[in-house]
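The following block contains the structure, expressed as structure tokens.
For reference, chains read A, B and C in written order, and residue numbers begin at 1 within each chain.
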Amino acid sequence: MKSQIKTTFSNFFFEYETPRQVLVKNKRVAVVCRIIQMGVLAYIIGWVFMYEKGYQVVDTAIGSIFTKMKGVSFTNISKKERIWDVADYVFPEQGDSSFVVMTNYIVTVGQKQGKCAELPDGKNKCNSDADCDEGKYKRMGNGHMTGRCMNETSTCEIYSWCPVEDDRKIPDPPVLLTAENYTLFIKNSITFRQFNVVRSNLVESVNQSYINTCLYHPKTDPLCPIFRLGDIVERSGLNFSEIARVGGAIGVLIDWDCNLDLSIRHCKPKYEFYGLYGTGKNGDKEEKPSLGYNFRYAKYYVEDAVEKRTLMKVFGVRIDIIVHGRAGKFDIIPTLTAIGSGVGIFGVATVVCDMLLLYLVPKRDFYKNMKFKHTQILEEE
Amino acid sequence: MKSQIKTTFSNFFFEYETPRQVLVKNKRVAVVCRIIQMGVLAYIIGWVFMYEKGYQVVDTAIGSIFTKMKGVSFTNISKKERIWDVADYVFPEQGDSSFVVMTNYIVTVGQKQGKCAELPDGKNKCNSDADCDEGKYKRMGNGHMTGRCMNETSTCEIYSWCPVEDDRKIPDPPVLLTAENYTLFIKNSITFRQFNVVRSNLVESVNQSYINTCLYHPKTDPLCPIFRLGDIVERSGLNFSEIARVGGAIGVLIDWDCNLDLSIRHCKPKYEFYGLYGTGKNGDKEEKPSLGYNFRYAKYYVEDAVEKRTLMKVFGVRIDIIVHGRAGKFDIIPTLTAIGSGVGIFGVATVVCDMLLLYLVPKRDFYKNMKFKHTQILEEE
Amino acid sequence: MKSQIKTTFSNFFFEYETPRQVLVKNKRVAVVCRIIQMGVLAYIIGWVFMYEKGYQVVDTAIGSIFTKMKGVSFTNISKKERIWDVADYVFPEQGDSSFVVMTNYIVTVGQKQGKCAELPDGKNKCNSDADCDEGKYKRMGNGHMTGRCMNETSTCEIYSWCPVEDDRKIPDPPVLLTAENYTLFIKNSITFRQFNVVRSNLVESVNQSYINTCLYHPKTDPLCPIFRLGDIVERSGLNFSEIARVGGAIGVLIDWDCNLDLSIRHCKPKYEFYGLYGTGKNGDKEEKPSLGYNFRYAKYYVEDAVEKRTLMKVFGVRIDIIVHGRAGKFDIIPTLTAIGSGVGIFGVATVVCDMLLLYLVPKRDFYKNMKFKHTQILEEE
């Protein structure tokens, strides 16, 4: 018994099996076969390894963004001069990756709680008190109906913040058209967890003195982290004066595509801009409903012991900064997986060649005999 | 030398090798083997290719979200009527993907800086001044201890915004229970970078007139981007009146699963709702601590040259909108990788069959002789 | 014809082909070959299956975060005592995953719209009115130039919120240095869509009584969801008093790495802290511009019918909480793909062995004859 195990073991170690093969001397089949094999090899080396970098393991980035707007606007509405600075026109104030720059607004000063007539904008008409269900409110309405129909406006009386905001006419041109010249500073930090790499968009060539003077331009200053608001809007394919009037949303994509087999210095961001929510380049306006971007915002105060508020309907450019990071680095697992798959595909090539040889070539029966050996005996059962 | 290279070269091109094989006429082994091979083939074609779409390359979406609430609430607390509109109950105001709708609150009007007694809520008891370390503050406390123990309340005196907020009793029923009827409008734009596809949740069938009247319903209106707040809460498996009282967090998932080999029109969002932070369906309340959702928020004002504030402890429904997008498209690399792997698995099938043949079949020695040829010579060393 | 199909069919089912092989009795080659094959096997089993868990399908988490700060600060500036609580120092107030804790500030009380001199900080010097273009504004300026050069300050007169904020001197030590003792409570909920698993960072061992008293410590309390602000800053490699003065950004990473083949109880979060925006550990200050973190924020009020505002330049610790979740679970597809690849790599091993045998061994011609059979006939064409 022991010697048997020993024999098996020594056989296993000192013998090895390799397939027996026929060398087929058939030019046509051989050439076709070699071409297929070389095609597979070229595909594996050229495409999988060189182009797609199949030998790399890939990690996506975790990003963090801080933004800061700069710039002031000056308005002169009905002889009232006013300056707008960052604390006035950015929402929210703390430098988030998603924020709104106010470019236009409708202000309703001194609202207080009480009863007044609903806005006569066509959606809230009434003919008699019966049209105004007491205690209900309409989906498009501004308050709670009291049950009375007001004669002067032909709209229901409502309990609401009064006077009701009149947003039927959006200021044109937009009040803060000079917002075009504001600048946006973006600080972006990304982390590739798997590779323990942290990187900032203030790369080596971007130093303090450069930041003080530069302005982003895709050709001349592709790494400057300071952007003119008007440029952002225009590069995303939108029209600034239109967006400034009704509002709009723009995505700023910071795209990192890093090959960590090279020096980290080559790992640089690329900035891209595009319109969001279907306000895109295609001009397919009639198809896409709900253009524009606006929200309401109130400043509360107390006057003569009565709580009042100033309601702002803010139209603006909403900017969503999105980080898309991807880094690749050589790793043995994807390399071997790619090679393994490649050898598998080589097998496919052999199968194709054999089909040619055994079914299409005139001498196929001869080759069949060469390739196959038949077991003569038949089974007993 | 030259001719030798030439020969090698011509041999390489005009000859090709194909493995010699034995055709084993053994019904049992053959049937088992064919079944295994067909199983592998069925698995590769059916599962990898058809079900898992292994021939597609996959990209995940970059999404951008804008939200807008609509609706008003009317309250009548101790004869004081009040209306609440969007600017009053949504935090933050600018339409983020994560926001809070206030449903209940505890208000403390007219706080100003000064000294007063800590809240007698059991956590801040004192018997003598020694219990109140001057200059320290307690983790659950509201201010800086002055070192005195107040007799009336048996709590430490603190320097704080006075009077201290009393949040021991949460209003029940919640003040803004009608928040159930508010509607939420979601605009979602996604980008599949790799395929250069941009898509909005306002798909082809959702036009302006539809939006004006529709309300989301999973069966009848699965694409309407307008949601009733009460529906969102209920569909996530929570109880609105409970959530409205103590607050809660709900995730709204916009799920895009697109097959870009088909028309882009079939790429549609699916909305799902679920409770967050363990306030889920399972009713496992005793296991999960820290239910509810609330935060504090202050409105500052100046009265008689003294800075004061109105502190609100806001309970509400926090809504986190999350985009999960995935698109697949035919690509040659994953196709060939899948085929390569498949051929590899075929090889496994052959190995299994050979084992059957060589170790389990009665005539195994005969087959061994057919399959293997021994090299007779032994090594010299 | 019919019988021919039948024969083909029965041949296909009752015959199967297996490659003929030579058993090469060559110790050296055999040993090398076996070693290579065992290496491949060890790699596939040990690395791909055990270490990298190649038999698992992987899903990334969708996370949702709620934060709550606790703690008060007491300041005594020029005999003016003041307490700061959560509603005063956290921006935004509603408990987002990204927020700022104010640690220092420059306040400008009672700004109103009007004309005043630009700040004499060196960047805005003028010698004559010609240096002050009327109606323009400078990138670093605070308002709209009126065209006058003011003699007293040698700066341009501007239309702005007056008086202009003087941020030349940042308070040192920071006003709210006691912010170090604030605590941060993090609630994190994650969802693995593919596996239908929802999990919260308040895992089984974290119950209400534990939360009431615990404080995060990587060794002793790695699961406590309550963090001291000073600890967070220090663990990220930064210096609290420096960060508190000029501001800084810190990433808190909640890392979930779950093996769902085990019990869900082992799926626990790990917390990590790191500095963002290049304010990192390496101390490479001169290379990285734009340190610090600050933003401006205004509280508006009306005094004597004039709109005024209190402008705060807030310096603080910005905390970005990031969720990185990954769960793996056994699945048949990746298992078979890994096996398929492995068999492919086995093929590579055979190719290497054959090269040894056919090109390097002394008796190579003998082995060539054993392995290959030549087709004798030449082609006619």
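Please note the rule applied: a residue touches a chain if its C-beta (ideal position, glycine included) is under 8 Å from a C-beta of that chain, and two chains touch if they have at least 3 such contacts.
Note that the coordinates shown come from a computational prediction; the quantities given were computed from them, not determined experimentally.
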Fitted rotation between chain A and its twin chain C in degrees, CA, nearest 5: 120
Chain B against chain A, contact positions shared by both copies (same if over half, else different): different
Interchain centroid distance [CA atoms averaged], chain A/chain B, Å: 17
Residues of chain C touching at least two other chains: 17, 19-27, 92, 301, 340-344, 347, 370, 372-373
Residues on chain B engaged by chain A in the complex (per definition of touch): 12-28, 62, 64, 66, 68, 70-72, 74, 81-83, 85-88, 92-97, 183, 185, 187, 189, 191, 193, 198, 200, 202, 204, 206-208, 211, 299, 301, 303, 332-333, 336-337, 339-344, 346-347, 363, 366-367, 370, 372-373
List of chain C residues in touch with chain A within their complex: 17, 19-27, 29-31, 33-34, 43, 47-48, 52, 91-92, 98-100, 113, 135, 137, 139-144, 159-161, 249, 251, 253, 255, 274, 276-278, 280, 287-290, 293, 295-298, 300-302, 309, 311, 314, 318, 320, 322, 324, 338, 340-345, 347-348, 350, 353-354, 357, 370-375, 377-379
